[in-house]
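For clarity, chains are labelled A, B and C in written order, and residue numbers in each chain start from 1.
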Amino acid sequence: MSEPTVITDGLVKRFGDFVAVDHVSLEVTRGEIFGFLGPNGAGKSTTIRILCGLLAPTEGRATVNGFDVARDPEAVKRNIGYMSQKFSLYDDLTVEENIEFFSGVYGVPRELRAARRDYALRMAGLEEKRGSMTRLLAGGWKQRLALGCAILHEPPILFLDEPTSGVDPIARRMFWDLIYQLSAQGHTVFVSTHYMDEAEYCHRLALMYRGKVVALGSPAELKQSAGMATMEEVFVSVIEREEARQ
Amino acid sequence: MISFRRTRAVARKEFLHILRDRRSLIAALAMPLVLLMLFGYALTLDVDRIPTYVYDQDGSPESRDLIGRFRGSRYFDVRALAGSHAVIERAIDRNEVLLGVVIAPDFSKHLAAGQEAGVQLLVDGSDSNTASIALNYAEALALAYSGELRSKAMNRRGGGELKAPVEPRVRVWYNSELKSRNFIVPGLIAVILMIIAAMLTSLTIAREWESGTMEQLLSTPVRPVELLFGKLSAHFALGMLDMAIALGAGVEIFHVPMRGNVLMLFAASAIFLFGGLCWGVFLSAVARSQLLAYQTAVITTFLPAFLLSGFVFAIENMPWVVQLVTYIVPARYFVTILKGIFLKGVGLHVFWREVLFLAAYAVVLFAIAAKKLRQKVA
Amino acid sequence: MWERIREIVRKELRQTLREPRMRAILIGPPILQLIIFGYAVNMDVENSAIAWMDQDLTPASRELRSRFTASRYFQVVEEPASDLEAQEALDHGRARAVIRVLPGFARDLARGRTTSVQILLDGTNSNTAAIAGGQAGAIVNGYSADLLRDRMREKLVAATTASGGPVTFAIPTVSVRSRVWFNPELKSRVYFVPGIIANIVMLVTVMLTAMAIVREKEIGTMEQLMVTPIRPFELIVGKTLPFAGVGLLNMLMITVAALLVFNVPFRGSAPALLVSTILFLMTTLGAGLFISTISRTQQQAMMSSFFFFQPAFMLNGFAFPVRNMPEPVQWLTYLNPARYFMEIVRGVFLKGTGFTILWPQMAALAALGVTILLLAALRFHKRLD
């Protein structure tokens, strides 16, 4: 349970003059829930996109489940599930139709499709709503559906980009229950968030600020080294320290 | 390798999208139907029942005879006998009549004396097309009447070969009743297919970008080519359905002649449609917003198909610069094929060049679309 | 109240002129239509390609041929030697007509027998076929009439000589003199270009108005506006006035282009045109307003405008005369404001008419304008509440 599945080494992404990801190096081990924290524009989404094979890195390397993201993005995609920041399933398809579509697209073998579909529906709690038009679901349900669609092909690694933004606290709690479930089953979950309480749920965290990783470790480690009691306070103090530095 | 399963998933999704999106449905079904109604039923370039006033300054049996000819012809609708030039002028100004026939006061006198009797035709030239045709018909009618008078006079005199030495004998091929609908409705198929091909298809990829679903798609193993084929197949099916509807409506409801090979028609339509679809996908991949994709599609496909393909306006009459431009409008070739199949009943041996061009166009565009999609996606 | 209206107008103008999309709609369509209908689309039938099949090969037949080639209406592109070749020329579309002089043509003429010339028309495009057929027939008839006159003169000379005195030959003929009004050279561009004003004003103002209003709904600023003391009426006026200006600007642009570039005459009353444009604008702005109330996004607005625009464009008499449409459809066009405006525009440019002749159309426009605006405003009002 301790081999690294996601490794980045000096990852850099530039858009023209703007450096979105500035020499990020980290390792995530199998089954870990790895959290990515940081203010808006810190580079979290960009890093995730690189790791998913959606963007090519300007410099540096990254491997996901042993596959190099720059050289072998297709292999990477077969091994991951992705939930983007903005809800991106099909509004005008039903819950079941969305699941069916992603089953097909992820290449879930025919014999397993029904089982996976039922599993996703059960996991997301959408069995009653399987025929509902996705557009009509409340925010929390949409997120769960998106998560369900991301795990249909049982990917070893999940990338979740701010999966709970705009969702009420109870739904958020339930969503994290699901993440724990998945982690317990052996999925690696790479999740970005700006909710401080969620930071506490992660096994380990990286704090990003202006493209750089400015803090790395478990919640306990971070609180200790910053001398703060809550992650919120840790966050504020680290950011202030960084701002003072510049 | 292309996964059939993934492609099919994309195709099924596209079908659902089209069915559920009101705008797409309108473009896919309503608009072709409206166009069929318009061009099959409402619009025509045929000229007949030309509203006419006659100012008979002579009032003789001969002049009344001539007027009777006008009345009896299906081309003219003699609305009233005007009492003066001014009445005709005012009526033409008011768009009430198109033609004024003025019979000179000494009409019958001149005829009796065996001289030239004058008839003046006043035509509203604003609509040059109708005016030309109206003048043709009116002059032909007067000439025919003149010829008859001559023969009658000769018969009375008892002999003489003063008939017109040469007569034109006109035969019309392919569209003997000269109905404009017969050449417009087949050409309409090209326009309809362009609507599907470009306007509908141009929305698909741009819409995925705009709603964010493209990003989700890209993170999956689906390949650009599978995406292309999946989207193409759904729209292709729809396009062929529309073509069949247009064909059926044209032949059954509007009685457009269909003298050629139906299979050839479907084959040519399939090639044309495929090329157009690839163009639509290309536009959709290049333009990130649906609006832009749609506008570009309209300007580059619908408008040329409408105006520059020979569908309604004859290409041979256009300035040579414009004629050159029409060579790069694929719809032009397709309209030639359509007219050939429907009206002329000819086959590949006549329009093989056009088919070749369309096939080349389809292949090239497929390559471009696939490449562009791959670029944008990778 | 005027303060608020003026603020909105200013904001609208600024937003519209800044958005490249809107700027494109301002300039693109007018130029495109001018090029297409003023230059490219040409319904004049001249220089038709014909195939000449001379099976007689005598001075008489060659004389006839020279008449065809001398006229600006025809040019001989092929000389098929057999029926099959003639058929092919038509099948392949290489010639619009095949003119065939049968063997024995000159001999029949010499013997004083009536003979004929075959004109085989490609009827595919019925309009050009009718016109070309008429032109060909006229040439043959002209040739025939000249022959007749020559013969008559001969007879006259012979008879006079024989009888030793003057003899008159009384042959009654009807001579036709045609006068074409307004467009003496029968150029289709003269017909189309003024009509473009109607099309463009309609297309641009409907689309821009609809999109401008919907844009506020989309961004959410509409809510913001509703919280201010502004009243629905002021909002409507403020939003539509700038596009009325745009419509008038377009009208001027096209008129100038018509006069300077396309040599289209302007014979009528400019004030009548101005007033009519304003009345027409009432209908189009109302339509734009209405479309904005049934669209949620800008592209819906654009597509709805386009969809609505299609039939209105087709059924306004621009390219297809209303007179030739089936009765029920003609009744329908009475509800199409563009139909009246088309008549007005053509009347003012070509026929030199003004208020006195065109008042019925203007009255119709006014009535339709008020109705559409009222309906749209009512619907709009409900939405704001």
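As a working rule, a residue touches a chain if its C-beta (ideal position, glycine included) is under 8 Å from a C-beta of that chain, and two chains touch if they have at least 3 such contacts.
Being a predicted model, the structure only gives us computed values, none of them experimental.
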item: Co-neighbours of chain B and chain A - touch as defined; value: none
item: Per-chain Cα centre nearest the global Cα centre, belonging to chain; value: B
item: Centroid-based (C-alpha) most distant chain relative to chain C; value: A
item: Centroid spacing, where centroids are CA-atom means, of chain A and chain B in whole angstrom; value: 56
item: Whole-Å gap separating chain B and chain C, where each centre is the average of the chain's CA atoms; value: 14
item: Distance from the mean Cα position of chain C to that of chain A, given in whole angstrom; value: 61
item: Contact footprint of chain C on chain B as seen in their complex; value: 23, 26-27, 30-31, 34-35, 38, 41-49, 51, 66, 90, 92-95, 98, 110-133, 135-140, 142-143, 145-146, 149-150, 153, 161-176, 178-180, 182-183, 290-292, 294-295, 298-299, 303, 307-308, 312-314, 316-319, 322, 336, 339-340, 343-344, 346, 350
item: Residues on chain B engaged by chain A in the complex (per definition of touch); value: 3, 5-6, 8-10, 12-13, 16-17, 20-21, 211-223, 378
item: For the chain C and chain B complex, residues of the former touching the latter; value: 21, 24, 32, 36, 39-46, 48-49, 64, 90-93, 96, 109, 112-131, 133-138, 140-141, 143-145, 147-148, 151-152, 168-184, 186-188, 190-191, 298-300, 302-303, 306-307, 310-311, 314-315, 319-321, 323-326, 329, 343, 346-347, 350-351, 353, 357
item: Complex contacts: residues of chain A adjacent to chain B; value: 52-54, 73-74, 77-78, 80, 82, 84, 86-93, 97, 100-107, 159
